[in-house]
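Which chain is which? They are A, B, C, D, E and F, in the order written, and residues in each are numbered from 1.
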Amino acid sequence: MPYVNIRVTREGVTPEQKLQLIEGATDLLTRVLNKDPATTFVIIDEVETDNWGVARENVTTMRQRQVEKKTVR
Amino acid sequence: MPYVNIRVTREGVTPEQKLQLIEGATDLLTRVLNKDPATTFVIIDEVETDNWGVARENVTTMRQRQVEKKTVR
Amino acid sequence: MPYVNIRVTREGVTPEQKLQLIEGATDLLTRVLNKDPATTFVIIDEVETDNWGVARENVTTMRQRQVEKKTVR
Amino acid sequence: MPYVNIRVTREGVTPEQKLQLIEGATDLLTRVLNKDPATTFVIIDEVETDNWGVARENVTTMRQRQVEKKTVR
Amino acid sequence: MPYVNIRVTREGVTPEQKLQLIEGATDLLTRVLNKDPATTFVIIDEVETDNWGVARENVTTMRQRQVEKKTVR
Amino acid sequence: MPYVNIRVTREGVTPEQKLQLIEGATDLLTRVLNKDPATTFVIIDEVETDNWGVARENVTTMRQRQVEKKTVR
């Protein structure tokens, strides 16, 4: 009966990638703890980059800096 | 002071139904644990069917199969 | 497939009361949204009163004040 | 490595206010527990007012009553 | 920067198994979404079987029935 | 009506530090979003170091390496 909640930034995750996360997390619980896939829940939350902070800044700003870094040279 | 978080798939839950969930969950905490409704929070999260997995597939796929089953024959 | 998470302070909730919360929350989702009990999860988190804050104080302090109020006189 | 999840109603929180929440929560963990900002996550969830219940009603209704109160006189 | 929260019943999960869950979930996010392991959090919550309900009963009861089934004969 | 959930590793956080987290988080929401402290919840979850993973290892192992680093020499 595990419940797995995966939170990532909303940056174009495709339905196919979401399915891979669901399959992978379910298989992980089966492999490690012998849990039944039939009652394994996986819920993916996509969070706006303005709403996710790390290292005291939001991910929106972090992404802009990463882009600039690459284009500066 | 209870906090109740209800997570369901986003499949057309109406404002009236949400209110019934809020009332019902609040009443449950009052009835069983004598909690004060004034400080009982109920938060409903609606999750896209692509983002909810159970039994190693997403709910989008599960719903399609359920529809097909009914229309076959 | 709903997931219900009930968070309350750890103040002597009995196994019987927990079961009533599980039954009541499951029935609520069935009644309002016609959800299947077989895949309805209810998880109860009991939180130490030192770890729960409301109105800028912890529940430990709040409970002490409530007790004193009753015994004063 | 703290994880801070702030849930508020979706009522026009600006990117600048979100950043202040991220900075403030990160600083709080650094000040009180000496946590490293580099691995402090702050995630803000904005919840529709129909989906947030307190005192057995939703916030949508509560806000309407607050507006009426002011305009009644 | 993903955050993964795995909730399972507290039924003797070993430190080695927990590590496998941490490694597996981190690898999953790297493989599917190319996320950086350095900022991937995995948090495992172990929940008492009295506090976890599914199918309108708690896991404590469910486990007892599963044991009885095997010993009957 | 904000809900703030602070998750940290269980490493000797004192009741006084918890209170500072509660006060600080409540004040932050009041200052930035003008929220009412009376209905601001702050819940602190302390997580065992075996149960918290970052960078593909658990915090137990990370702490041991940090101690060894300091004592080497």
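By definition in this document, a residue touches a chain if its C-beta (ideal position, glycine included) is under 8 Å from a C-beta of that chain, and two chains touch if they have at least 3 such contacts.
Keep in mind that what you see is a predicted model, and the values were worked out from it rather than measured.
One rotation lays the C-alpha atoms of chain B on chain C, and its angle is 180 degrees to the nearest 5. The most distant chain from chain A is C, comparing centres defined as mean Cα coordinates. For the interfaces B-D and A-E, the C-beta contact count is higher for A-E. The distance from the centre of chain D to the centre of chain F, with each centre set as the mean of the Cα atoms, comes to 18 Å.
The distance from the centre of chain C to the centre of chain E, each centre being the mean of the chain's C-alpha atoms, comes to 22 Å. Multi-chain contact residues, meaning those touching two or more other chains, occur in chain F at positions 1, 3, 7, 21, 25, 39, 41, 43, 52, 54.
By the contact rule set out at the top, the touching chain pairs are A-B, A-C, A-D, A-E, B-C, B-D, B-F, C-E, C-F, D-E, D-F, E-F.
Put simply, chain A touches chain D in their complex at residues 7, 47, 50-58, 60. Remark: chain D residues 1, 3, 39, 41, 43 touch chain E in the complex. Residues 1-9, 13, 17, 20-21, 24-25, 28-29, 31-33, 35, 39, 52, 54, 59 of chain A are the ones touching chain E in the complex.
Residue ranges of chain D in contact with chain A, taken from their complex: 15, 18-19, 21-23, 25-27, 37-46.
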